[in-house]
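Chain lettering (A, B and C) follows the sequence in which the chains are written, and residue indices restart at 1 in each chain.
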Amino acid sequence: MADRPSATSPVLAREVARPIPQPRSRLGRHRALWAYIFISPAILALLLFALGPILFTFWVSVHDWNLIAPIPDMPFVGLENYRYILTKDATFQQALRNTFIFTILGVGANTVLGLLGALLLNSPIRARAIWRSIFFLPILTAPLALGMMWTALLNKNYGLVNEILGVFHIPPQPFLSNPDQALPSIILIAIYQYVGYYIILYTAGLQGIPQEYYDAAAVDGANKWQTFWSITLPLLRPVLLFIIVTNTIGALQVFDIVFAATTGGAETSGGGPAGSTMVVVLHMYNTAFKFFRMGRATAMATILFAIIFIITLIQLRLLRQRE
Amino acid sequence: MIRTQTSPIGMLGRTLKYLALALLGLWMVLPFFWMISASLMTSQEIQRLPPPFLPAVAQFQNYVEVAKVVPMARAYANSLLVTIFSVAGILFTSSLCGFAFAKYQFPGRDVIFLLILASMMIPFFVILIPVFYIVKQFGWINNYAGVVVPGMVSAYGIFLMRQFIQDIPDELLDAARIDGASEFRIYWQIIIPLSGAALATLGSFNFVTIWNSFLWPLLILQSRDLWTVPLALNSLRTFGAEARVLNLQMAGTALSVIPALIGFLFLQRYFVRGISLTGLKG
Amino acid sequence: MNKQNLFKILSVVSMMLLATACAGAVPTSAPSATSAPAATSAPAATSAPAATSAAAPTSAPAAGNPVKLVVLTHWGEEALLKPMQAKFEEYQKQNPNVTIEYQTVTFDQLLTKITTGRAAGISPDVYHFYNLWMPDFVKGGLLDKPPADVLADIQANYSEGSQKAVTYQGQLWGYPTEINTWQLIYNKKLLQDAGITKPPETLDELKAAACKAKQVDSSGKITQPGLILLPGWDSGVVHPYLSLLWSNGGEYLNADASKALFNSPEGLATLQVYQDMIKDKCIDLSAGMDVFANGKAAMIIMANFWRSTLQTAPIGYENVAVAPIPHGANSKSTALQYNWAYGVDANSKNKEEAWKLVKWLNTPGTSPSAPSGATPIGDFLTSALGAMPSRLSDQKALADRLNDDFIKAYLASTQTARPEPVVPGGQEVKTTLQTNIEDAWFGKKDPKTALADAAEEADRILAENK
């Protein structure tokens, strides 16, 4: 393992050793004031349009509300909603299971594949801008088109994917129409849809690494693998953290893709054959807007919130930037 | 041994690389291609099983029909207005906040940051009703402000910018401070230029998301002449017979994709290597 | 230096704008701000005057006072928007003091729009709603009780099934408009090719026909299903099942909707019909509606709103025929029906004008552009939507629009159709029944367990919601 470039690169060494002024000092207080000014418009907006409403959500979760009755008339039910969800709601338990599987596999795959794709894109190639735009295309294509397209491609009797499998003498697979294959199919669609997005994010991250570091490493005689592990990956840490944390937060709340692939936009409740692709947020949506049980839906949202919050804290702790 | 561009291993490596890129690229282009192909089919073709790959005869008139049935020009204008203002707001607030969280120490910093992250942890439709109520109190129902203002701040964007700005060496900032620059000037003249790639990324993603957003604008923009493109396109759908007009919907979607694509191509020049330490002269 | 100052100014200005928006919003939204808290006590306060205004129009605005009515439906597509708008324009011409603002959203957003508007205190005056939502609407005080003349009109001119469909707690809540039923749709050619000369009438015949008309290739792949099922869609699973259940002498819920009755020998026998067909490969669970629309499946149980798709589908409309729901040995064929209805918001400030509009829409002869003897809504439903009107006089007056074999068969079924029970928790019960039936179809549970589980869940839901 080659030495870390810090010994040879004065720039990196100085950066690591630089102290940040503490808030106690006069300089620190002056700076802290500016920081507060910078964040205040955003904090105000978030309080108003996100955090306040979230508190309202927690409050509703200990009431029984059918969305129609006036809010002050909601009966207080204590922890009844929570008790029901955690002990009696079989659909919720199935949804939670499906959501966790989706998150672990989806986030894992996208994190790794995205990085591989970005490294590919970042290496010396021609017409990089064109390639980048190509990877951006699935993001541009509206979810509706993607949902329709994949439903058609994965069709058991007529889909292109089964045609290709048939060439290899593999019998046609039901994919989305079978309880055992539906969830893996959804995961594949999700990976497909978002991998380009992560490739672009990683690419931007890679751009942020100064060429000087690579040059210093080359001077030190480090090969590609060593360069990757000692320079690229550590300096990608902030982006990696971002990707893993936001990807997880998003995956635990997956909705659009399951909705598009299993409801087709009609009055269906979705969730795939025999509920095999039912995810927590879809069940939450049905509970609120089909069953008129907003108290229970907000309780579900609170439980999910707690789960996401804890997982995020753990991730931040494990992956944080060494100060 | 140093690999050169012309050595056999080098060339094999390059070929494989382009092959991988080509396969990946093909895979990425497929849904876009499908959308265009579907938009040029007849109503019958689009319902057929097995689904045809290409239309028998390209129905370019689908595009004309969509523009006739749906007030596309007006919808485009509305979408552009809403999206550009929202994205500008997001870029500004995210970079400013991201800068503060990345490069400053202040009491409560980590707690506040966690709160910002927390705002991402609830699905939007759950807080739909209270947000709607608040927007209504401001008098912004049936008004562009009702869509733009709640969308002008993004926790996600703040998080993104914080991570990218962390990589900017503090020396640049200190050098500028020694030269007498104010904090705001540091933001404007150092952070922003060095965050080109991050801002371009954030901007393009948000452009697409906001451009395609449906539920919130649907509830806020009640008059038809305020409708954005997704709302306008939605008037093509017929409940119980969605399949029949899928070709028109795809045409409408294809039309609506053009600005985002152009914008992205235009932003390509910002996806450059952001920082060069040799410019460290103060 | 300039840029820095510029941005300082900009940020200060935007903060000021935000502040003025907050401050400025207070006086302008004060009326609406108070109406939000008013909405809380409104159901109690305004329902009293509503009772009196139905009898004696004292507080109603005089004929000269300008009135604005907001109407909300889910008929947002261009093809439906314009005709309905035209009707409203006719009304405005006949009643110059009234301005109608017509709002539309897509069906899947309708409930969201209604609930958000309600919480914010800006609800429409007139709703077009799905009858299954009534229990929660009524419990929440959203619907206004129709005035006596409207009630009398409904009782005189609508079928028992349709009246029942808009009744909750012994009260009618609006004018039934669109009526939909479920019937057996079959591909004439495919049945003929299989040697089946007439569509199946009994459950046994249904099984036989599906299995005779199916085609399976040498590798075991079902190339032509006998019957198409609709897993993943609650109505698609439960409505056909209930139709078959009722036609087999079974029952769904008991009279006061406190207990599920489908976990019975009839219920099991009905489910078993599906199971047998699945086992014998007469049904392919992966084949959806589009397979039938492409002429590659023999039969399907679907509702009449699918007509417009079939008219342009590859199957060829002339190849499509409709038959009553197959029945059991000693029972009659009974289809399930559901209705949409026009009603008025209990918080509306113009209740009387709103009911006047609703009545106008549902009264024969009020619209100059409608055929003689037809109501405006009937005209709209049969021309723009291709649907069936609930009003009996409309069905007669518009018979020439309802005269292709397809729609005639559905129309005939409305005479004996039974509405889906409108009970609190009804949607939840429906979903749990759907999930369990699908579990049986996909072999995850045996039919007996599936029905028992569904019934147990249903009983609990019904008890909770009482």
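By our rule, a contact is a pair of C-beta atoms (placed from the backbone, for glycine too) under 8 Å apart; a residue touches a chain by one contact, two chains touch by 3 or more.
Everything quoted here is computed from the prediction, not taken from an experiment.
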At minimum, the number of touching-chain hops separating chain A from chain B is 1
Ranked by contact pairs, first place goes to A-B
Express in whole angstrom the distance between the two chain centres, defined as the mean CA positions of chain A and chain B. 15
Whole-Å distance, C-alpha centre of chain B to that of chain C, is 37
So which stretches of chain A touch two or more other chains? 41, 67, 155, 157, 265-266, 289
Chain B: which residues touch two or more other chains? 49, 125, 129-130, 184, 237, 239-240
Could you list which residues of chain C touch at least two other chains? 107, 112, 115, 119, 291
Considering only the defined contacts, which chain C positions touch chain A in the complex? 11, 14-15, 18, 39-43, 107-108, 111-112, 114-115, 118-119, 133, 136-137, 139-142, 219, 221, 223, 231-236, 284-288, 291, 425, 427-428, 431, 434-435, 438-439, 441-442, 444, 460
Where on chain A does chain C make contact in their complex? 41, 44, 66-73, 88, 91, 155-157, 171-172, 174, 177-179, 262-263, 265-275, 286, 289-293
The answer for chain B against chain C in the complex is residues 43-44, 47-49, 69-70, 125, 128-130, 132-133, 136-139, 141, 145, 182, 184-185, 188-189, 215, 218-219, 222, 234-241, 243-244
Which residues, counting only chain A, touch chain B once they are in their complex? 11, 14-15, 18, 20-23, 28, 31-32, 34-36, 38-39, 41-43, 45-46, 48-54, 56-57, 67, 117, 120-121, 123, 125, 129, 131-146, 148-149, 152, 155, 157-160, 192, 196-197, 200-201, 203-205, 207-212, 235, 238-239, 241-242, 245-246, 249, 253, 255, 264-266, 281, 284-285, 288-289, 297-298, 301, 304-305, 308-309, 312-313, 321
Which positions of chain B touch chain A when the two form their complex? 17-18, 20-21, 24-25, 27-32, 34-35, 38, 49-51, 53, 93-94, 96-97, 99-101, 103-107, 109, 112, 114-123, 125-127, 129-131, 134, 149-150, 152-153, 155-156, 158-160, 162-164, 166-171, 174, 183-184, 187, 197-198, 200-201, 204-205, 208, 212, 230, 237, 239-240, 242, 246, 249-250, 253, 256-257, 260-261, 264-265, 268, 271-278
